[in-house]
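Same chain, two partners: chain A is paired with chain B first, then with chain C.
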Partner chain A sequence: MPSTYTLISSNVLSSSAASVTFSSIPATFTDLVLRISSRSDNTIAASTIRLRFNGSSSASYSETLLSGSGSAAVSARSSSATYMFNAGYFVDDANGATANTFGTTEIYIPSYTVAQNKPLSGITAQEDNATAARITAEAGLWSNTAAITSIEIFSNYNFLSTSSFYLYGIKNS
Partner chain B sequence: MATAIEINCETGEVIERPLTADEIAANEAAQAQAAADAIAAEEEATAKAAAKASAQAKLATLGLTADEVAALLG
Partner chain C sequence: MPATYEPIATTTLGSAASSITFSSIASSWTDIKVIIVATAASNANFAFRFNSDSGSNYSRTRLAGDGSSITSSQNTNQTELQLTSSFSIGTTPVMRTLDIFSYAGSTNKTVLFEEINDLNGSGGLNKQVGLWRNTAAITSINFFAQSATNFAAGTTATLYGIKNA
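Presenting the complex of A and B:
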(Lines of atoms letter the chains of each structure in order from A and count residues from 1; the text may use other names and numbers.)
(Lines give C-alpha, C1' and ligand atoms only; values in the text may rest on other atoms or scores of the structure.)
Protein backbone atom coordinates (compact mmCIF):
# COMPACT_ATOMS: atom_id res chain seq x y z
CA MET A 1 0.00 0.00 0.00
CA PRO A 2 1.48 3.38 -0.97
CA SER A 3 2.38 5.96 1.59
CA THR A 4 0.17 8.93 0.75
CA TYR A 5 1.32 11.57 3.24
CA THR A 6 5.06 11.64 3.76
CA LEU A 7 7.25 14.16 5.54
CA ILE A 8 9.81 15.34 2.98
CA SER A 9 11.68 17.73 5.26
CA SER A 10 11.21 20.05 8.22
CA ASN A 11 12.94 22.76 10.17
CA VAL A 12 12.28 24.19 13.63
CA LEU A 13 14.16 27.45 14.03
CA SER A 14 16.75 27.53 16.80
CA SER A 15 17.21 31.25 16.19
CA SER A 16 15.34 33.84 14.17
CA ALA A 17 15.55 33.77 10.38
CA ALA A 18 14.32 36.05 7.61
CA SER A 19 13.49 33.19 5.28
CA VAL A 20 13.28 29.42 5.10
CA THR A 21 13.78 27.61 1.79
CA PHE A 22 13.10 23.98 0.95
CA SER A 23 15.33 23.18 -2.03
CA SER A 24 15.86 20.09 -4.21
CA ILE A 25 12.27 18.99 -3.60
CA PRO A 26 11.95 15.50 -5.06
CA ALA A 27 9.60 15.04 -8.02
CA THR A 28 8.36 11.69 -6.74
CA PHE A 29 5.07 12.89 -5.25
CA THR A 30 1.79 14.08 -6.73
CA ASP A 31 1.00 17.01 -4.41
CA LEU A 32 2.79 19.06 -1.77
CA VAL A 33 1.54 20.26 1.59
CA LEU A 34 3.34 22.98 3.54
CA ARG A 35 2.48 23.40 7.22
CA ILE A 36 3.84 26.28 9.27
CA SER A 37 3.61 27.43 12.87
CA SER A 38 5.26 30.84 13.02
CA ARG A 39 5.67 34.14 14.77
CA SER A 40 7.64 37.11 13.47
CA ASP A 41 9.39 40.12 14.97
CA ASN A 42 7.10 42.71 13.36
CA THR A 43 6.03 45.10 16.15
CA ILE A 44 2.32 44.87 15.36
CA ALA A 45 0.15 41.81 16.02
CA ALA A 46 0.48 40.17 12.61
CA SER A 47 2.87 39.80 9.74
CA THR A 48 2.29 38.63 6.18
CA ILE A 49 3.65 35.26 5.09
CA ARG A 50 4.96 35.15 1.51
CA LEU A 51 6.19 32.46 -0.88
CA ARG A 52 8.35 32.19 -3.95
CA PHE A 53 8.75 29.09 -6.10
CA ASN A 54 12.04 28.11 -7.75
CA GLY A 55 13.51 31.46 -6.71
CA SER A 56 11.33 33.24 -9.27
CA SER A 57 10.69 36.96 -8.75
CA SER A 58 8.90 37.43 -12.05
CA ALA A 59 5.44 39.05 -11.98
CA SER A 60 3.70 35.68 -12.17
CA TYR A 61 1.84 35.28 -8.88
CA SER A 62 -1.86 36.01 -8.41
CA GLU A 63 -4.37 35.37 -5.64
CA THR A 64 -7.93 35.83 -4.45
CA LEU A 65 -8.73 35.80 -0.74
CA LEU A 66 -11.41 36.00 1.90
CA SER A 67 -10.41 37.18 5.37
CA GLY A 68 -12.25 37.81 8.62
CA SER A 69 -11.22 39.35 11.91
CA GLY A 70 -14.39 38.71 13.89
CA SER A 71 -15.53 42.28 13.42
CA ALA A 72 -14.96 42.81 9.71
CA ALA A 73 -14.68 40.69 6.58
CA VAL A 74 -12.80 41.51 3.42
CA SER A 75 -12.25 40.08 -0.01
CA ALA A 76 -9.13 41.04 -1.95
CA ARG A 77 -7.25 40.17 -5.11
CA SER A 78 -3.71 40.61 -6.33
CA SER A 79 -2.20 39.80 -9.71
CA SER A 80 1.16 40.09 -11.46
CA ALA A 81 2.92 40.12 -8.11
CA THR A 82 6.55 39.09 -7.67
CA TYR A 83 5.66 36.71 -4.81
CA MET A 84 2.64 34.76 -3.56
CA PHE A 85 0.33 36.38 -0.96
CA ASN A 86 0.95 39.98 -1.96
CA ALA A 87 -2.56 41.11 -0.98
CA GLY A 88 -1.58 41.32 2.65
CA TYR A 89 -4.08 39.34 4.71
CA PHE A 90 -2.22 36.01 4.77
CA VAL A 91 -0.73 36.54 8.22
CA ASP A 92 0.85 34.78 11.16
CA ASP A 93 1.40 36.14 14.66
CA ALA A 94 3.95 38.83 15.39
CA ASN A 95 5.42 40.51 18.45
CA GLY A 96 2.39 42.74 18.99
CA ALA A 97 0.27 39.63 19.63
CA THR A 98 -0.11 37.86 22.96
CA ALA A 99 3.23 36.43 24.07
CA ASN A 100 4.06 32.90 22.94
CA THR A 101 1.21 32.71 20.43
CA PHE A 102 1.95 31.43 16.94
CA GLY A 103 -0.01 31.65 13.71
CA THR A 104 -0.81 28.46 11.82
CA THR A 105 -0.68 28.01 8.08
CA GLU A 106 -1.41 25.22 5.62
CA ILE A 107 -0.76 25.46 1.89
CA TYR A 108 -1.77 22.72 -0.57
CA ILE A 109 -0.04 22.60 -3.96
CA PRO A 110 -1.50 19.95 -6.27
CA SER A 111 0.29 18.53 -9.32
CA TYR A 112 3.50 20.40 -8.57
CA THR A 113 5.49 18.55 -11.25
CA VAL A 114 2.92 18.76 -14.05
CA ALA A 115 3.80 21.07 -16.97
CA GLN A 116 1.00 23.57 -16.40
CA ASN A 117 0.47 26.68 -14.27
CA LYS A 118 0.51 25.88 -10.56
CA PRO A 119 -2.63 26.58 -8.51
CA LEU A 120 -2.65 26.35 -4.72
CA SER A 121 -4.94 26.83 -1.78
CA GLY A 122 -3.93 28.27 1.55
CA ILE A 123 -5.46 28.93 4.91
CA THR A 124 -3.90 30.77 7.80
CA ALA A 125 -5.02 31.73 11.29
CA GLN A 126 -3.49 34.47 13.37
CA GLU A 127 -4.18 33.11 16.83
CA ASP A 128 -3.85 35.92 19.34
CA ASN A 129 -5.30 34.16 22.41
CA ALA A 130 -7.31 37.35 22.89
CA THR A 131 -10.18 39.14 21.23
CA ALA A 132 -8.22 40.03 18.09
CA ALA A 133 -7.56 37.30 15.57
CA ARG A 134 -7.81 36.74 11.84
CA ILE A 135 -8.45 33.84 9.52
CA THR A 136 -7.76 33.99 5.79
CA ALA A 137 -8.46 31.57 2.96
CA GLU A 138 -6.67 31.96 -0.36
CA ALA A 139 -6.76 30.64 -3.89
CA GLY A 140 -3.44 31.30 -5.59
CA LEU A 141 -1.82 30.72 -8.95
CA TRP A 142 1.81 30.71 -10.01
CA SER A 143 1.74 31.22 -13.78
CA ASN A 144 4.69 29.03 -14.60
CA THR A 145 4.75 25.54 -16.10
CA ALA A 146 8.02 24.41 -14.51
CA ALA A 147 7.99 21.71 -11.87
CA ILE A 148 8.33 23.19 -8.39
CA THR A 149 11.75 22.28 -7.01
CA SER A 150 12.11 24.87 -4.27
CA ILE A 151 9.85 26.90 -2.01
CA GLU A 152 11.04 30.02 -0.17
CA ILE A 153 8.95 31.21 2.78
CA PHE A 154 9.58 34.77 3.96
CA SER A 155 7.79 37.71 5.53
CA ASN A 156 10.08 40.76 5.20
CA TYR A 157 10.54 40.44 8.96
CA ASN A 158 12.23 37.64 10.91
CA PHE A 159 10.53 34.41 11.88
CA LEU A 160 11.25 33.90 15.57
CA SER A 161 12.93 30.95 17.22
CA THR A 162 10.76 27.79 17.52
CA SER A 163 8.77 28.72 14.43
CA SER A 164 8.37 25.43 12.56
CA PHE A 165 8.15 24.52 8.88
CA TYR A 166 7.08 21.12 7.53
CA LEU A 167 6.92 20.02 3.90
CA TYR A 168 4.92 16.89 3.08
CA GLY A 169 4.47 14.98 -0.15
CA ILE A 170 1.28 13.19 -1.16
CA LYS A 171 1.17 10.32 -3.64
CA ASN A 172 -1.93 9.27 -5.50
CA SER A 173 -0.56 5.83 -6.16
CA MET B 1 22.22 39.57 11.96
CA ALA B 2 19.32 38.46 9.78
CA THR B 3 19.85 35.09 8.18
CA ALA B 4 18.33 32.90 5.48
CA ILE B 5 17.99 29.15 5.96
CA GLU B 6 17.98 26.62 3.14
CA ILE B 7 17.11 22.97 3.68
CA ASN B 8 18.16 20.60 0.91
CA CYS B 9 15.37 18.02 0.77
CA GLU B 10 17.56 15.44 -0.97
CA THR B 11 20.58 15.55 1.32
CA GLY B 12 19.07 16.98 4.50
CA GLU B 13 21.82 19.58 4.57
CA VAL B 14 20.85 22.86 6.25
CA ILE B 15 22.67 25.97 5.13
CA GLU B 16 22.38 29.19 7.11
CA ARG B 17 23.75 32.36 5.56
CA PRO B 18 23.52 36.09 6.29
CA LEU B 19 21.16 38.09 4.09
CA THR B 20 22.78 39.92 1.20
CA ALA B 21 22.76 43.72 1.11
CA ASP B 22 20.10 43.57 -1.61
CA GLU B 23 17.89 41.28 0.49
CA ILE B 24 18.23 43.55 3.53
CA ALA B 25 17.38 46.60 1.42
CA ALA B 26 14.34 44.84 -0.06
CA ASN B 27 13.10 43.89 3.41
CA GLU B 28 13.58 47.42 4.71
CA ALA B 29 11.75 48.86 1.73
CA ALA B 30 8.87 46.40 2.20
CA GLN B 31 8.66 47.22 5.90
CA ALA B 32 8.59 50.96 5.15
CA GLN B 33 5.88 50.41 2.54
CA ALA B 34 3.83 48.34 5.00
CA ALA B 35 4.12 51.10 7.60
CA ALA B 36 3.07 53.73 5.06
CA ASP B 37 0.13 51.56 3.97
CA ALA B 38 -0.95 51.15 7.59
CA ILE B 39 -0.84 54.92 8.17
CA ALA B 40 -2.81 55.54 4.97
CA ALA B 41 -5.42 52.98 6.00
CA GLU B 42 -5.69 54.56 9.46
CA GLU B 43 -6.13 58.02 7.95
CA GLU B 44 -8.77 56.73 5.53
CA ALA B 45 -10.68 55.03 8.35
CA THR B 46 -10.51 58.18 10.48
CA ALA B 47 -11.76 60.34 7.60
CA LYS B 48 -14.59 57.89 6.89
CA ALA B 49 -15.67 57.86 10.54
CA ALA B 50 -15.61 61.65 10.66
CA ALA B 51 -17.72 61.88 7.49
CA LYS B 52 -20.23 59.41 8.94
CA ALA B 53 -20.49 61.35 12.21
CA SER B 54 -21.00 64.57 10.27
CA ALA B 55 -23.74 62.97 8.15
CA GLN B 56 -25.45 61.63 11.27
CA ALA B 57 -25.41 65.07 12.87
CA LYS B 58 -26.87 66.72 9.78
CA LEU B 59 -29.62 64.11 9.50
CA ALA B 60 -30.46 64.60 13.16
CA THR B 61 -30.97 68.33 12.54
CA LEU B 62 -33.56 67.37 9.91
CA GLY B 63 -35.57 65.58 12.57
CA LEU B 64 -34.56 61.96 11.96
CA THR B 65 -34.36 59.74 15.03
CA ALA B 66 -31.22 57.82 15.91
CA ASP B 67 -32.90 54.59 14.74
CA GLU B 68 -33.84 56.18 11.42
CA VAL B 69 -30.30 57.45 10.90
CA ALA B 70 -28.92 54.01 11.74
CA ALA B 71 -31.32 52.42 9.25
CA LEU B 72 -30.11 54.79 6.56
CA LEU B 73 -26.40 54.50 7.21
CA GLY B 74 -26.21 50.89 8.27
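Presenting the complex of A and C:
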Protein backbone atom coordinates (compact mmCIF):
# COMPACT_ATOMS: atom_id res chain seq x y z
CA MET A 1 0.00 0.00 0.00
CA PRO A 2 1.51 3.35 -0.98
CA SER A 3 2.46 5.90 1.59
CA THR A 4 0.98 9.33 1.10
CA TYR A 5 1.26 12.82 2.62
CA THR A 6 3.89 13.94 0.15
CA LEU A 7 5.64 17.29 0.09
CA ILE A 8 4.69 19.10 -3.12
CA SER A 9 6.55 22.34 -2.56
CA SER A 10 7.96 24.56 0.15
CA ASN A 11 9.13 28.11 0.61
CA VAL A 12 11.16 29.33 3.58
CA LEU A 13 11.56 33.07 3.19
CA SER A 14 15.06 34.48 3.09
CA SER A 15 13.68 38.01 3.07
CA SER A 16 10.32 39.68 3.69
CA ALA A 17 7.63 39.00 1.16
CA ALA A 18 4.11 40.26 0.63
CA SER A 19 2.92 36.89 -0.60
CA VAL A 20 3.87 33.33 -1.35
CA THR A 21 2.36 31.42 -4.26
CA PHE A 22 2.33 27.72 -4.94
CA SER A 23 1.62 27.37 -8.64
CA SER A 24 1.30 24.49 -11.09
CA ILE A 25 -0.09 22.26 -8.35
CA PRO A 26 -0.39 18.83 -9.92
CA ALA A 27 -3.75 17.10 -10.04
CA THR A 28 -2.21 13.83 -8.92
CA PHE A 29 -3.35 13.99 -5.31
CA THR A 30 -6.75 13.83 -3.63
CA ASP A 31 -6.38 16.43 -0.88
CA LEU A 32 -3.99 19.28 -0.07
CA VAL A 33 -2.54 20.32 3.28
CA LEU A 34 -0.93 23.71 3.76
CA ARG A 35 1.22 24.22 6.86
CA ILE A 36 2.57 27.65 7.70
CA SER A 37 4.81 29.12 10.38
CA SER A 38 4.74 32.88 9.88
CA ARG A 39 5.26 36.31 11.37
CA SER A 40 4.55 39.63 9.70
CA ASP A 41 5.82 43.21 9.92
CA ASN A 42 2.62 44.73 11.27
CA THR A 43 3.47 46.92 14.27
CA ILE A 44 0.74 45.40 16.41
CA ALA A 45 0.73 41.82 17.66
CA ALA A 46 -1.12 40.13 14.82
CA SER A 47 -1.71 40.21 11.11
CA THR A 48 -4.26 38.40 8.98
CA ILE A 49 -3.48 35.47 6.74
CA ARG A 50 -5.42 35.36 3.48
CA LEU A 51 -5.71 32.99 0.54
CA ARG A 52 -6.72 33.09 -3.07
CA PHE A 53 -7.05 30.12 -5.38
CA ASN A 54 -6.13 30.16 -9.08
CA GLY A 55 -5.58 33.92 -8.87
CA SER A 56 -9.31 34.48 -8.56
CA SER A 57 -10.46 37.67 -6.88
CA SER A 58 -14.13 37.12 -7.62
CA ALA A 59 -16.56 37.31 -4.69
CA SER A 60 -16.54 33.56 -4.20
CA TYR A 61 -14.92 33.03 -0.80
CA SER A 62 -16.81 32.48 2.45
CA GLU A 63 -16.03 31.33 5.98
CA THR A 64 -17.51 30.67 9.38
CA LEU A 65 -15.19 30.68 12.37
CA LEU A 66 -14.76 29.99 16.04
CA SER A 67 -12.14 32.14 17.72
CA GLY A 68 -10.81 32.67 21.22
CA SER A 69 -8.52 35.42 22.50
CA GLY A 70 -7.86 34.09 25.97
CA SER A 71 -10.58 36.23 27.46
CA ALA A 72 -13.49 35.98 25.02
CA ALA A 73 -14.79 33.61 22.36
CA VAL A 74 -16.61 34.60 19.19
CA SER A 75 -18.19 33.07 16.13
CA ALA A 76 -18.21 35.21 13.00
CA ARG A 77 -18.56 34.80 9.28
CA SER A 78 -17.72 36.42 5.97
CA SER A 79 -19.66 35.80 2.77
CA SER A 80 -19.01 36.48 -0.92
CA ALA A 81 -15.57 37.91 -0.21
CA THR A 82 -12.77 38.40 -2.73
CA TYR A 83 -10.33 36.32 -0.69
CA MET A 84 -10.48 33.59 1.95
CA PHE A 85 -10.45 34.59 5.63
CA ASN A 86 -11.82 38.08 5.06
CA ALA A 87 -13.37 38.16 8.55
CA GLY A 88 -9.96 39.01 9.97
CA TYR A 89 -9.65 36.44 12.75
CA PHE A 90 -7.26 34.11 10.91
CA VAL A 91 -4.05 35.68 12.18
CA ASP A 92 -0.39 35.00 12.80
CA ASP A 93 2.10 36.82 15.02
CA ALA A 94 3.43 40.21 13.99
CA ASN A 95 6.15 42.57 15.13
CA GLY A 96 4.10 43.82 18.06
CA ALA A 97 4.12 40.31 19.52
CA THR A 98 6.82 38.81 21.71
CA ALA A 99 10.08 38.51 19.78
CA ASN A 100 10.71 35.28 17.88
CA THR A 101 7.13 34.06 18.12
CA PHE A 102 5.50 32.79 14.94
CA GLY A 103 1.92 31.92 14.20
CA THR A 104 1.09 28.30 13.39
CA THR A 105 -1.43 27.49 10.68
CA GLU A 106 -2.84 24.40 8.99
CA ILE A 107 -5.35 24.39 6.14
CA TYR A 108 -6.87 21.17 4.76
CA ILE A 109 -8.43 21.23 1.30
CA PRO A 110 -10.13 17.96 0.33
CA SER A 111 -11.03 16.95 -3.23
CA TYR A 112 -9.22 19.94 -4.71
CA THR A 113 -9.50 18.64 -8.29
CA VAL A 114 -13.16 17.60 -8.18
CA ALA A 115 -15.58 19.71 -10.24
CA GLN A 116 -17.56 21.00 -7.29
CA ASN A 117 -17.33 23.90 -4.83
CA LYS A 118 -14.42 23.46 -2.47
CA PRO A 119 -14.86 23.21 1.32
CA LEU A 120 -11.81 23.58 3.54
CA SER A 121 -10.90 23.54 7.19
CA GLY A 122 -8.35 25.78 8.83
CA ILE A 123 -6.84 26.39 12.22
CA THR A 124 -4.37 29.03 13.26
CA ALA A 125 -2.82 29.93 16.58
CA GLN A 126 -1.01 33.06 17.64
CA GLU A 127 0.41 32.59 21.13
CA ASP A 128 3.10 34.90 22.51
CA ASN A 129 3.01 34.67 26.30
CA ALA A 130 1.17 37.98 26.39
CA THR A 131 -2.39 39.20 26.35
CA ALA A 132 -2.55 39.51 22.58
CA ALA A 133 -3.18 35.89 21.61
CA ARG A 134 -5.74 34.14 19.48
CA ILE A 135 -6.73 30.70 18.23
CA THR A 136 -9.18 30.39 15.37
CA ALA A 137 -10.85 27.41 13.69
CA GLU A 138 -12.45 27.91 10.31
CA ALA A 139 -14.91 26.29 7.94
CA GLY A 140 -14.31 27.79 4.53
CA LEU A 141 -15.89 27.44 1.12
CA TRP A 142 -14.60 28.49 -2.29
CA SER A 143 -17.64 28.60 -4.54
CA ASN A 144 -15.86 27.58 -7.68
CA THR A 145 -15.86 24.22 -9.44
CA ALA A 146 -12.43 24.54 -11.07
CA ALA A 147 -9.56 22.35 -9.95
CA ILE A 148 -7.21 24.25 -7.67
CA THR A 149 -3.93 24.73 -9.52
CA SER A 150 -2.43 27.58 -7.51
CA ILE A 151 -2.65 28.98 -4.00
CA GLU A 152 -1.55 32.49 -3.10
CA ILE A 153 -0.97 33.16 0.60
CA PHE A 154 -0.82 36.83 1.46
CA SER A 155 -1.24 39.22 4.35
CA ASN A 156 -2.23 42.80 4.90
CA TYR A 157 1.45 43.26 5.76
CA ASN A 158 4.66 41.44 4.75
CA PHE A 159 5.65 37.99 5.93
CA LEU A 160 9.05 38.19 7.63
CA SER A 161 12.18 36.26 6.81
CA THR A 162 12.22 32.63 8.06
CA SER A 163 8.46 32.36 7.72
CA SER A 164 7.88 28.94 6.22
CA PHE A 165 5.21 27.56 3.92
CA TYR A 166 4.78 23.87 3.09
CA LEU A 167 2.28 22.34 0.70
CA TYR A 168 1.58 18.60 0.98
CA GLY A 169 -0.48 16.28 -1.16
CA ILE A 170 -2.50 13.34 0.15
CA LYS A 171 -3.60 10.57 -2.16
CA ASN A 172 -6.43 8.20 -1.41
CA SER A 173 -5.08 5.26 -3.40
CA MET B 1 11.75 5.49 8.78
CA PRO B 2 8.71 3.35 7.95
CA ALA B 3 5.94 4.68 5.76
CA THR B 4 2.93 6.04 7.57
CA TYR B 5 -0.23 7.94 6.68
CA GLU B 6 -1.42 5.35 4.20
CA PRO B 7 -4.74 5.15 2.37
CA ILE B 8 -6.60 2.05 3.56
CA ALA B 9 -9.82 2.33 1.55
CA THR B 10 -11.82 4.90 -0.36
CA THR B 11 -15.36 5.13 -1.70
CA THR B 12 -16.75 7.56 -4.25
CA LEU B 13 -20.44 7.01 -4.73
CA GLY B 14 -21.50 6.46 -8.33
CA SER B 15 -25.13 6.83 -7.31
CA ALA B 16 -26.98 7.93 -4.19
CA ALA B 17 -26.59 5.56 -1.26
CA SER B 18 -27.98 5.36 2.25
CA SER B 19 -24.70 4.24 3.79
CA ILE B 20 -20.95 3.98 3.38
CA THR B 21 -19.08 1.28 5.26
CA PHE B 22 -15.43 0.59 5.87
CA SER B 23 -15.16 -3.02 6.98
CA SER B 24 -12.41 -5.50 7.80
CA ILE B 25 -10.18 -2.70 9.06
CA ALA B 26 -6.86 -4.31 9.93
CA SER B 27 -5.16 -3.52 13.22
CA SER B 28 -1.95 -2.63 11.41
CA TRP B 29 -1.96 1.05 12.28
CA THR B 30 -1.95 3.11 15.45
CA ASP B 31 -4.58 5.68 14.58
CA ILE B 32 -7.05 6.02 11.74
CA LYS B 33 -8.49 9.06 10.05
CA VAL B 34 -11.54 9.49 7.82
CA ILE B 35 -12.06 12.37 5.38
CA ILE B 36 -15.54 12.77 3.88
CA VAL B 37 -16.72 15.29 1.30
CA ALA B 38 -20.46 14.86 1.10
CA THR B 39 -23.62 16.18 -0.49
CA ALA B 40 -27.27 15.15 -0.34
CA ALA B 41 -30.23 15.98 -2.55
CA SER B 42 -31.78 17.98 0.29
CA ASN B 43 -30.81 18.82 3.84
CA ALA B 44 -30.47 15.57 5.75
CA ASN B 45 -28.89 14.08 8.83
CA PHE B 46 -26.35 11.29 9.00
CA ALA B 47 -24.63 9.32 11.76
CA PHE B 48 -22.03 6.62 12.26
CA ARG B 49 -21.37 3.55 14.36
CA PHE B 50 -18.39 1.36 15.08
CA ASN B 51 -18.50 -2.43 14.65
CA SER B 52 -22.28 -2.22 14.01
CA ASP B 53 -22.84 -1.51 17.71
CA SER B 54 -26.26 0.09 18.19
CA GLY B 55 -26.15 -0.05 21.97
CA SER B 56 -26.31 3.09 24.08
CA ASN B 57 -22.53 3.25 24.23
CA TYR B 58 -21.78 6.56 22.58
CA SER B 59 -21.39 10.04 24.00
CA ARG B 60 -20.14 13.33 22.69
CA THR B 61 -19.40 16.95 23.59
CA ARG B 62 -19.50 19.63 20.95
CA LEU B 63 -18.38 23.22 20.41
CA ALA B 64 -20.12 24.87 17.49
CA GLY B 65 -20.29 28.29 15.86
CA ASP B 66 -22.81 29.55 13.32
CA GLY B 67 -21.28 32.91 12.55
CA SER B 68 -22.94 34.77 15.38
CA SER B 69 -23.28 32.49 18.40
CA ILE B 70 -21.27 29.72 20.04
CA THR B 71 -22.89 26.71 21.62
CA SER B 72 -21.57 23.77 23.57
CA SER B 73 -23.60 20.75 24.57
CA GLN B 74 -23.23 17.14 25.59
CA ASN B 75 -25.18 13.97 24.83
CA THR B 76 -24.65 10.76 26.76
CA ASN B 77 -25.74 7.16 26.23
CA GLN B 78 -26.44 7.62 22.53
CA THR B 79 -26.94 4.79 20.06
CA GLU B 80 -24.73 6.44 17.43
CA LEU B 81 -22.54 9.48 16.87
CA GLN B 82 -23.88 12.25 14.63
CA LEU B 83 -22.14 13.41 11.47
CA THR B 84 -24.62 16.28 11.51
CA SER B 85 -25.12 17.19 15.13
CA SER B 86 -25.00 20.91 14.35
CA PHE B 87 -25.34 21.23 10.58
CA SER B 88 -27.16 19.03 8.11
CA ILE B 89 -25.71 17.96 4.77
CA GLY B 90 -27.35 19.35 1.62
CA THR B 91 -26.45 20.26 -1.94
CA THR B 92 -23.28 22.25 -1.14
CA PRO B 93 -20.21 20.05 -0.63
CA VAL B 94 -19.20 19.93 3.02
CA MET B 95 -16.41 18.19 4.84
CA ARG B 96 -16.32 15.83 7.79
CA THR B 97 -13.16 14.53 9.46
CA LEU B 98 -12.75 11.83 12.08
CA ASP B 99 -9.53 11.17 13.98
CA ILE B 100 -9.73 7.94 15.94
CA PHE B 101 -6.89 7.30 18.33
CA SER B 102 -5.60 3.85 19.33
CA TYR B 103 -8.49 2.26 17.47
CA ALA B 104 -7.07 -1.22 17.92
CA GLY B 105 -6.28 -0.85 21.61
CA SER B 106 -8.15 -2.40 24.50
CA THR B 107 -9.53 0.76 26.05
CA ASN B 108 -12.66 2.77 25.25
CA LYS B 109 -12.29 4.65 21.97
CA THR B 110 -12.07 8.42 21.57
CA VAL B 111 -12.76 10.17 18.29
CA LEU B 112 -12.21 13.82 17.44
CA PHE B 113 -14.46 14.90 14.63
CA GLU B 114 -15.47 18.09 12.94
CA GLU B 115 -18.24 19.41 10.76
CA ILE B 116 -16.92 21.87 8.16
CA ASN B 117 -20.15 23.31 6.86
CA ASP B 118 -19.79 26.86 5.56
CA LEU B 119 -22.52 27.63 2.99
CA ASN B 120 -21.61 31.20 1.98
CA GLY B 121 -23.87 33.06 4.37
CA SER B 122 -25.18 30.22 6.49
CA GLY B 123 -23.93 27.03 8.09
CA GLY B 124 -20.91 26.93 10.36
CA LEU B 125 -18.44 24.63 12.00
CA ASN B 126 -18.52 22.17 14.84
CA LYS B 127 -15.65 20.59 16.75
CA GLN B 128 -16.58 17.52 18.74
CA VAL B 129 -15.16 14.78 20.85
CA GLY B 130 -16.91 11.44 20.85
CA LEU B 131 -16.50 8.39 23.02
CA TRP B 132 -17.41 4.80 22.23
CA ARG B 133 -17.49 2.87 25.47
CA ASN B 134 -16.21 -0.39 24.10
CA THR B 135 -12.79 -1.98 24.48
CA ALA B 136 -12.90 -3.97 21.24
CA ALA B 137 -10.69 -3.01 18.32
CA ILE B 138 -12.57 -1.01 15.73
CA THR B 139 -12.89 -3.18 12.64
CA SER B 140 -15.70 -1.39 10.83
CA ILE B 141 -17.21 2.08 10.55
CA ASN B 142 -20.68 2.56 9.10
CA PHE B 143 -21.94 5.99 8.04
CA PHE B 144 -25.68 5.99 7.46
CA ALA B 145 -28.63 8.22 6.65
CA GLN B 146 -31.10 8.93 9.43
CA SER B 147 -33.95 9.66 7.05
CA ALA B 148 -35.00 8.79 3.51
CA THR B 149 -32.45 11.20 2.02
CA ASN B 150 -29.23 9.50 1.01
CA PHE B 151 -25.66 10.54 0.44
CA ALA B 152 -25.63 11.91 -3.10
CA ALA B 153 -23.58 10.55 -5.98
CA GLY B 154 -20.06 11.97 -5.87
CA THR B 155 -19.82 11.78 -2.09
CA THR B 156 -16.31 10.61 -1.22
CA ALA B 157 -15.06 8.94 1.94
CA THR B 158 -11.48 7.86 2.53
CA LEU B 159 -9.96 5.93 5.42
CA TYR B 160 -6.31 6.50 6.23
CA GLY B 161 -4.01 4.66 8.62
CA ILE B 162 -1.31 6.35 10.68
CA LYS B 163 1.43 4.22 12.21
CA ASN B 164 3.65 5.16 15.09
CA ALA B 165 6.50 2.80 14.20
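By definition in this document, the second predicted complex is superposed on the first by the 171 of 173 C-alpha atoms of A that agree within 3 Å, B and C clash if a C-alpha of one lies under 4 Å from a C-alpha of the other, contacts with A are read in each partner's own complex, and residues count from 1 in each chain.
In this text, a residue touches a chain if its C-beta (ideal position, glycine included) is under 8 Å from a C-beta of that chain, and two chains touch if they have at least 3 such contacts.
What you see is a predicted model; the values in this text were computed from it and never measured.
When the two complexes are overlaid on their common chain A, residue A:95 makes contact with neither chain B nor chain C.
In the superposition on chain A, A:108 makes contact with chain C only, not with chain B.
Contacts of A:54 after superposition on the shared chain: neither chain B nor chain C is touched. Using the contact criterion defined above for the overlaid structures, shared-chain residue A:164 touches neither chain B nor chain C, since it reaches no partner.
In the superposition on chain A, A:77 makes contact with chain C only, not with chain B. For chain A, the partner that touches more of its residues is C, with chain B and chain C as the two candidates.
Contacts of A:22 after superposition on the shared chain: chain B is touched, whereas chain C is not.
Applying the stated contact rule after C-alpha superposition, one finds that A:11 touches chain B and leaves chain C untouched.
By the touch criterion defined above, A:121 reaches chain C but does not reach chain B. Those residues of chain B lying in contact with chain A across their complex are 2-12, 14, 16, 19, 23, 26-27, 30-31, 34, 37-38. Considering their complex, residues 3-8, 10, 35, 37, 39, 63-70, 92-95, 97, 114-121, 123-125, 127, 154, 156, 158, 160 of chain C touch chain A. The touching residues of chain A, counted against chain C in their complex, run 1-5, 30-31, 62-66, 73-77, 79-80, 108, 110-111, 114, 116-121, 137-141, 143, 170-173. By the touch criterion given at the top, residues 8-11, 13, 15-26, 42, 44, 48, 88, 156-158, 167 of chain A touch chain B in their complex.
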